[in-house]
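Shared between the two complexes below is chain A, which pairs with chain B and chain C, respectively.
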Partner chain A sequence: MPKRLVIVGAGTGGLMVANFVARDLHSEIERGEIGITLLGEQETYIYQPGYLYVVFDLMRPAQLMRPVRELLAPGIRFVHDRATRIDTGKRQVLRSDGDALDYDVLVLATGSGLNLDEVPGLREGGHWFYTLAGALRLRDALRRWHGGKLVLTVGVPHKCPVAPLEFTMMFEQWTRQRKVRDKTEIVYTYPLGRAHSIQAVADWVAPEFEARNIAIETFYNLESVDHEKRVAHSLEGTDLPYDLLVSVPAHQGDELGAASHLSGAGNWYPTDRHNLRVQGHDDIFTLGDATDLPISKAGSVAHFEAEVLADNLVGVLTEGAQPTSQYNGRAFCFIETGLERATFLSFDYEHPPTVPEPTNAVHWFKQTYNRIHWANLKAVM
Partner chain B sequence: MATQEPSIPDVFRDEADSLASAVLASVTPRMVNRLGGVAESTIAALDLLTSPEIVNLLSTLQRASAVLTPLLGQIAEIGPGAGMEGLADRIVRAVKAGAVEVGVPPRPVRMRELLRIMRQDPAVAITLHFFLGFVRSMWSPIAGEHVPNTEGDRHG
Partner chain C sequence: MDLAPLRIDARGSFCPGPMMELIRAVKGADVGQVVVVLSTDSGSKKDIPMWAQKAGHEFLGVDEHGDYDEISVRKAH
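Presenting the complex of A and B:
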């Protein structure tokens, strides 16, 4: 009987863990000692950071998508279905078609999704760029843009913590390129008392926005949207009329966690910050957006966690060893500061980030990564 | 006092420094290891193609070319010297190029020669690509299971 590793979720974290382990253990897989099954709800993987570029007509949707099967290392069995519940007693993942997958070790890479219903009127009155459909709708709105007032709101928690800043700065330069900057008013709002939750970013972005004539409205928690009058209301009592409302909705964890009594508030899995075990379960691990760790929900975090987790899974599967590799909270985020320059953040649990001066080179590094991300997913690099 | 503009070399240096910093911050030692592994496996695949055993196998196929599949027949029509027999000849010539009969030249020279021929002759390149795919499939016996699902796109 082979040792069975089941991974739920075929996003960045799930694919990377599956591929890293499969490449390390290809001999064991070939000999039938280890079995890896990836359970994915979607047959197509989408590179989500690309949505931001779709909005400005800088990338086409087709450039962001690949069939999951083409991204898998040899030896991984892909099952296209939805997990409905984990039976931790029987060590089974129950599927929507009624079948079950038995596991010895389970990885929950179920990601996060938008909570659009938390704010009444948002679906009708707002735009967002965190789904492909949303990005395309916003792209179409921008194609019709000839000036007016753009209001950007931010809900927490959300993935890619600097994306609202990137959108704002890209939009500002885009209006200059389109010769409509003088007809455009930009208001960036944030729910805390500064422009970003990371202090160094808040300190950097305030003068940047001032120099670009972008207004900052702090302590602004979007409460409701009157889509007929085009007014965004905040919990704090501030009403902002808008011509285009772009919102970063709050995110929540997958409902699988709640259905399995494994997750806590927000449907996030309570996670050991170093070995990525779901607390209270020696045979269940998690990574990426799905955790409740106090770090950014970002693709780079899923990647760095996947490397640590894969190392540990190899030991667990082949020797029954305890996890020894430790995740240190490492994160890396590019920040597009317009359409031509970018900077980046690098930080971990112990070391907060600084913000280097934006350059063209980092912008092109980001553009390059957008196109070679697949090699990273496939564990080619 | 007037502010001095940064010189061109200074600008380049700053750009290069920022790129180096970003690369160092984003790359992990495991990524570098994996890239090394890929380079090694590519070379290994080409080494395999140029080994005497493969040349012998291809020579056998060359003799049996009359019974090979219609697919290979179609491939054979691509490129110079159309025809099944011609294709087998060209493949053997490509694989032999520098590998077995011309002594033992340095590996990069052999690889360059083989790649040059593959670039010039699409039929040879396609056939060898299929052949490598077949070799890979030999150590990847587990096929993906497809279970249809009509659920909506929960993650967008």
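Presenting the complex of A and C:
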């Protein structure tokens, strides 16, 4: 009987873990000693950071998509279905088609999704660039943009903590390129008392936005949207009229966690910050956006976690070993500061980031990464 | 009628966790009700009074308990 590793979620973290483990254990898989199953509700993988470029007509959707099956290392079985519940007693993942998958070790890589219903009127009055459909609708709205007032609102938590800043700065330069900057007013809002949750970023953004004539409204928690009058109301009592409302809605974890009594507040999995075990379950691990760890929800985080987790899974699957590799909170985020320059943040649990001077070289590095992300997913880089 | 205070345990959650938990609770509370958040994050003591002032709610103070703080706000409107 082979040892069975089941991974739920065929996104960035799930694919990377599956591929790292499959490459390390290819002989064991060939000999039938280990079986790896990846269960995913989507057959097509989408590179989400690309949405930011789709919005400004800088990338086409087709450039962001690949069939999941083409991204898998040999030996991984892909099952296209949704996990509806985990039976931790029977060690089974129940599927929406009624079947069940038995596991010895389980990885939950179910990511995060938008909560669009928390704010009344947002669906009708707002735009967002955190889904492909949303990005395309916003792209169409920008194609019609001749000036007016753009209001950006942010709900927390959300993935890619710097994307709202990137959108704002890219939009600002884009209006200059389009020669409509003088007819465009930009208001960036943030739920906290400063412009970003990461202090170094907040300190950098304030003068940067002032120099670019982008207004910052802090302590702004979007409460409701009057889509007929085009006014965004905050919980703090600030009303902002808008011509275009772009919102980064608050995120939540997948329902699977609640259905399985495994997740806590916000549907995030309570996670050991070093070995990535779901607390209280020796045979269940998690990574990426799905955890409750106090770190950014970012693809790079999922990547660094996948390396650590794969190391540990190899030991667990082949020798029944305890996990020894430790994740140290490492994160890396590019920040596009317009359409020609970028900077980056690099940090971990112990070391908060600083913001280096933006350069054209970092921008091109990011452009290159957008096109070679696939090699990273396949764990060949 | 006195409403029982709402207590939220946000210990172990980091900035902006406790403040966002408090904001969410104030949103769902009744006018006049007190919301108490338990926080181990030192930033909460600074951020929450500033938020309450901006949002027009009454900041009632901080009770320090060694390794955590109890921060109270009364929903004013």
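Things to note:
The definition used in the following text is that the second predicted complex is superposed on the first by the 381 of 381 C-alpha atoms of A that agree within 3 Å, B and C clash if a C-alpha of one lies under 4 Å from a C-alpha of the other, contacts with A are read in each partner's own complex, and residues count from 1 in each chain.
Simple rule for what comes next: contacts are C-beta pairs under 8 Å (C-beta built on N, C-alpha and C of every residue); 3 or more make two chains touch, one makes a residue touch a chain.
These numbers come from a predicted model, not from an experiment.
With the two structures aligned on chain A, chain B fits next to chain C without clashing. By the touch criterion defined above, A:G113 reaches chain B but does not reach chain C. Of the two partner chains placed around the shared chain by superposition, chain B is the only one that A:G75 touches, whereas chain C remains out of contact.
Here the apex is the CA centre of chain A, and the angle it makes with the centres of chain B and chain C after alignment on chain A is 160°, in steps of 10. Of the two partner chains, chain C is the only one that A:E236 touches; chain B does not reach it. Judged by the touch definition given at the top, the superposed model places A:V156 against chain C, while chain B stays out of reach.
Of the two partner chains placed by the overlay, only chain B lies in contact with A:F344; chain C stays clear of it. Look at A:D272: by the touch rule set out above, it reaches neither chain B nor chain C.
Within the superposed three-chain model, A:E185 lies out of touch with both chain B and chain C [touch as defined at top]. Of the two partners, chain B and chain C, it is B that touches more residues of chain A.
Of the two partner chains, chain C is the only one touched by A:E223; chain B is not. Once both structures are overlaid on their shared chain A, chain B and chain C have a minimum Cα-Cα separation of 24 Å. In the superposition on the C-alpha atoms of chain A, no part of chain A is touched by chain B in one complex and by chain C in the other. Residues of chain C that touch chain A in their complex: 13-17, 19-21, 23, 26-27, 47, 50-51, 54-56. The part of chain B that touches chain A in the complex is made up of residues 14-16, 18-19, 21-23, 25-26, 28, 30-31, 34-35, 37-38, 136, 139-142, 144-149, 151, 153-156. Within the complex formed with chain B, the chain A residues making contact are 11, 20, 23, 26, 29-30, 41-42, 69, 72, 74-82, 95-97, 99, 111, 113-114, 130-134, 254, 300, 304, 307, 332, 334, 343-344, 346, 356-357, 359-362, 365, 369, 376, 379-381.
By the touch criterion stated above, chain A contacts chain C in their complex at residues 156, 191-193, 197, 219, 221, 223, 235-237, 265, 294.
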